[in-house]
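Here come two complexes built around subunit A, the first alongside subunit B, the second alongside subunit C.
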Partner chain A sequence: MSLLRRRGLWLALLLVMVGCSAPGWMGAYYLGVFTTAYYFSVFAMSWDLLFGFAGEVNFGPTFMIGVGAYAAGLMNNAGYSIPLCLIGGAAAAVVGGMALAMPALRLRGPYFGLVTLVAVLLLLDCIVIFASVTGGEIGMMVPDVLSVSAEVNYWYAFGFLLVSAVILYGLSRSSLGLILQATGQDRIGAAALGFNVTKHKLAAFCVSALFSGLAGGMLTFYGGIASVDTVVSLSITVQIVIAVVFGGRRTILGGILGSIFLILFDELLRPIGQLNTFVVSGIALAVILFFPDGALGWLLRPRDDA
Partner chain B sequence: MRGLQILIDGFAISSLYGLGAVGFTLMFGVCGVLNLAHGGIMLIAALFGWWVAADYGAGPYGGAVVGILAGLLASYVTYVVVVRPIQRSRAIPRSEEEIFLLTGTLLWGIMIQVGMDYLFSNNPVTMQPLMPGVIDLFGVRTPTNELLIAAVCWVAIGLLWLLVNHTRIGKQLLAASINPRGLTLLGFELSSIYLVVWTIYGLLAGLAGVLLASFFGVSSDNAGNLTASAFTIVILGGLGSVPGSLLAAYVVGYAETLTAYLIAPTLRPIPALLILVLVLYVRPRGLLGRR
Partner chain C sequence: MLNITPLLEVSGLTKRFGGLVAVKDIGFAIRPGEILGLIGPNGSGKSTVMKLVMGIERIDTGSVKLSGTEVAGWPTHRIARHGVGIVFQHSRPLNRQTVLENIKLALLPDSLLRLVAEPHVDRRAREIAERVGLAAVINRRPPTLPFADLRRLEMAKALARDPQVVLVDEPFAGLTLGEVAVFSELIDGFRRDGRAVLLVDHNVKSVAALVDRVLAMYVGQRIAEGTADEVMQDATVRRVYIGGKIEAHPRKELDVKGREALLDVRSIEVFYGKAQALQQVSVHVNAGEFVSVVGLNGAGKTTLFNAISGLVPFTGDIHWATESLHGRSPARIAREGIVQCPETRELFGDLSVRENLDLGGQHLSRAERDAQLAWLLGLFPILNERQRQRAGTLSGGEQQMLAIARALMMKPKLLILDEPTLGLAPVILEQLSKALARLRETTPITVLLGEQNVTFALPHADRVYVLEHARIVWEGDPARFAEEMGTGYL
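The block that comes next holds the complex of A and B.
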């Protein structure tokens, strides 16, 4: 156990140092790529809290991300400043997430998955129907942006990622994480031990929604636009799934590795055009089949048998 | 007049939905697999059928046969490459198998969609009608093709019913859905039963794909939506219940047709989704679900 913890700690420290030094040696273009990857990492980590720990297949992360992003964008268009908009967006995401979770958590497994999927489809329809307010399929421009400098944007994203990672990782190691894990594996057993399963899942949903919505809002103010393709589309959900599975489910931090892998690969494979999604999904599928614990799970596994 | 048209169109669409969903629900009922690559398999059947029918002059019937075979092959590949390795993997705990099957087939479906996009582009294609012409049905001009499609759907569903209820292999399938361990104890090889299910599933999905291409036309962008519709219908009807799925197919089909005709075509998918959410909140196991 101490070996495991130490190895993980060193790895994390190394990554933080590489991340801090990046603006020194990385070009503006790749700083932009990593900025996106960092926001994406927060999506992935919040999703992992539900998927890996609570064992709920939530096909609706983009519902919370989208609600956060669009609420922040709408507030900004109404003249509020960026910090207020971010808070408003996060609050909207939590309210939206609760509205979804309260009834949906009565359902189990595939039923839960489908209801979260339907929430995303309905949100997509709403955005298209109220196109005069939301910009429809084209997207909604926001008047303010975080910064025009790639370096400053990078620091915003990096700082946000670090804070979220520490909080989410801490939560996953706390009693909340343990209880969630127990409910994910044996719901009745956990309930019999006296834990209020629904309350804990609801708490996990809230935290997940909070960070998803905040990240969605930040991404909106980074790109200057909230659009279906960047924050709501189902392909975002698929990418989140790939990132978490590749990085290692139930590790929280694996989501960061997975997201960076995903976005970097997307860049590197650009020459082969539309086939890159094929290759990335194929790699993720192979990871599921051969290394179900993902990259981080494989790196950090206890090597008693080796 | 308009009411009659809604009745006829809704019937054809609903029958097609029913055919698309029964394979999906059978797969879950017997094998416990929710195949999120379902839309992808229908897409493969539709696009290969269209390709052979149009580019090789095989005609609509030749295209349909090739399409169904392509669907069958895709179903086998899904089983052998994705589902069976997950089911047999020692590294995946039993309790998490369901999650892995969902994510695995989801990724596989994306691969199919992108692969088809690469091969055939994402332009919508429509297969030539199996039977051209129009029939005057109680004063409503209806394409013959539409009626033929509805008929084929019902013949296929009827054959499935006969197979499940009146043959030896069908009884084994029923038994496998109720108590797989009991069946193994009686000396039946569970893996060969699964193979039969994947065969039936492939044929049904292939047929549904081909008919879809002939009725609406398909594009590689549809794969996700096709899976979502089948998923919706199957959950609404109750997982694993074939009659439930058929009932749900008609609810969804008519809800969509009514919206498209009476309110606005753009709002088409919304009422079905709202019905689904409502039903699940009131009755989480779906209309005719057992569990």
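The block that comes next holds the complex of A and C.
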């Protein structure tokens, strides 16, 4: 156990140091790539809290991300400052998430996932229908941006990622995380131990929605635009799922590795054109097949000392 | 005693599932330090009663009082918080956490805000582990533990919140005799703590030594109540349980001496890691023979059958109609006519009875399939009535018949039946026994039966092997079994 903790801790420290030093040696272009990857990492971690711990397969992470991004964008267009918009966006994501989860969590098995999937499609429709306000498929420009400097943007994203990672990872290792795992694995068993299963799952959903919405809002003010392709599209969901499974389900931090891998390789392999998605997907598939616990899950796999 | 308020008081409990009345007007009271046995054959509704008390199933009508407080209609977690602990028969611990962490989980408050366990939780978890005998394995993970320790862990979790009422589902299922003694002592400890205990089990015998009173159920209703002795003597209970005596079904001496063996297992050995599961085991089955392999749980019966079916690697050789089965895939072995009906049944719970049977007959031509189906529905009339019902909703006995019928749909040359009586009440055993007898009389089928229950295995057998601790210790005809092995078996 102590070995596991120590190995994980060293790995995390090393990554933080590499992350901190990046602006010193990395060009503005790649700083931008990493900035996106960091926001994406928060999406992935939030999703893992629901899937890996509470055991709920949420096919609608982009519902909460999108609600957060568009709510923040709309508020900004109405003249509110960025911090207020971020808070408003996160709040909207939580409220939207609750509205979705309350009825959906009553359902068992694959139905929860299907409901969340339908929610995303509804959001997509709403954005298109109210194109006069949302910009429809073109996207919604926002007047303010976090910064025009790639380095400053990098620091915003990096700081946000660090805070999110510490909180989400901390939650997953806390008593709450343990209870969540129990409810995810065996509802009746957890209830018989005196845990209000619905309450805990809703809480997990809330936390997941909060960070998803916040990250969606930040991403909007980083790019200056909220668009279907960057925050709502189902292909974003697919990438989140791949990032988590690649990085390691039930590790929270694995989502960061997975996201950076996906987005960085997508960039690095751009010269090979169409083949790049193919290669990235191929690598992801191989990891899922041969290391079902994901990269981090494999690195930190528990070894029984007994 | 009588003026003490019962810790658990149930009255007028009724539950319907669709048209089926699963529990009808059941009532009982358990006082501090008292153990009540709730017994009944499969499908009698005893497990449903336990789920109703725990709030896992919704109560239709009736009352459940905990120390005088009405809890009917409460959600499970509130009932648990109010002092009811349940020991499930099947344990599903958190496999990535240690035993200690699993026990700690049960000690945590139902709070979203308390993120770090209080210090007393660790101490208390260790105390509980000590009490149930898990102290030595406290830092191991559940997948590395033997079955009895997993049961202890369930016990520990149920005890964690110091419940006044403890419900135990089949306390001794799957345990060896030595372990049964240890678990009896643990349950007796609940009594000394002044808890009220409800033991749910198939038969009186296994809980007789422990219980103060027994309530016997059959098809959802109370049929008898009293001390273990009274209930065992009760005429209704005896009729429901024992039914007619299981008779022998002798058949004319089979002329198998001259035939060559259909299946010939030659000194095979199987290892699971370091543990030897089979040691120099040789068994042969001639065409048309009904051979029983009897042995207690853990003797190696399932391992033997899995080796024959190609599911576990072995050394030695297995010949099937003169060809070696070495290196053949399980699918090919099944296609060549060795069909196993595993003890876990492996039915498709969401498919109907008919669909399960049709799946078994997939490779047959339509006419063949229809003929086989008609024959099987005649052999197991209950399946005929239940054709459209989902397999998962059948009672244990019906599921077993369906599993056998599905295996027979494949028109096996050799049918391997692994522990078909597992978890079945005697009244069902008799039906099953009759079906096997008809099967043996009316078809030329060859059967290899693995059983713990000797009284079930013997009447049908032409020849018997006794498997004990991975070795064959006796072989002979059933008539000689009683005098040569009768006392030594148990």
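The rule is simple: the second predicted complex is superposed on the first by the 301 of 306 C-alpha atoms of A that agree within 3 Å, B and C clash if a C-alpha of one lies under 4 Å from a C-alpha of the other, contacts with A are read in each partner's own complex, and residues count from 1 in each chain.
Note that in this section contacts are C-beta pairs under 8 Å (C-beta built on N, C-alpha and C of every residue); 3 or more make two chains touch, one makes a residue touch a chain.
Computed from a predicted model, the values in this text were never measured in an experiment.
In the model built by aligning both structures on subunit A, subunit B clashes with subunit C.
Using the contact criterion defined above for the overlaid structures, shared-chain residue A:218 touches neither subunit B nor subunit C, since it reaches no partner.
When subunit A is checked against subunit B and against subunit C, the one touching more of its residues turns out to be B. Once chain A of one complex is fitted onto chain A of the other, the partner contacts of A:92 are absent, as it touches neither subunit B nor subunit C. Shared-chain residue A:49: touches no atom of subunit B or subunit C. By the document's definition of touching, both partners, subunit B and subunit C, reach A:185. In the superposed model, A:199 makes contact with subunit C only, not with subunit B. Within the superposed three-chain model, A:171 lies in touch with subunit C and out of touch with subunit B [touch as defined at top].
Only one of the stretches 79-87, 169-177, 241-249 or 277-285 belonging to subunit B overlaps subunit C in the superposed arrangement, and that stretch is 169-177. Residue overlap on subunit A between the subunit B contacts of one complex and the subunit C contacts of the other covers 185-186. Per the touch definition, subunit B reaches subunit A in the complex via residues 34, 82, 85-86, 89, 91-92, 95-96, 98-100, 102-104, 106-108, 110-111, 114-115, 117-118, 224, 228, 231-232, 235, 239, 266-267, 269-270, 273-274, 276-277, 280-281, 284.
Those residues of subunit C whose C-beta lies close enough to touch subunit A in the complex are 54-56, 75-78, 80-81, 85-86, 88, 92, 94, 96-98, 101, 104-106, 108, 110, 112, 114-117, 137, 139-141, 144, 157, 160-161. Interface of subunit A with subunit C (complex): residues 1, 170-171, 174-176, 178-179, 181-182, 185-186, 188-197, 199-200, 203, 250, 302, 304-306.
Within the complex formed with subunit B, the subunit A residues making contact are 51, 55, 57, 103, 106-111, 113-115, 117-118, 121-122, 125, 128-129, 185-186, 234, 238, 241-242, 245, 274-275, 277-278, 281-282, 284-285, 288-289, 291-293.
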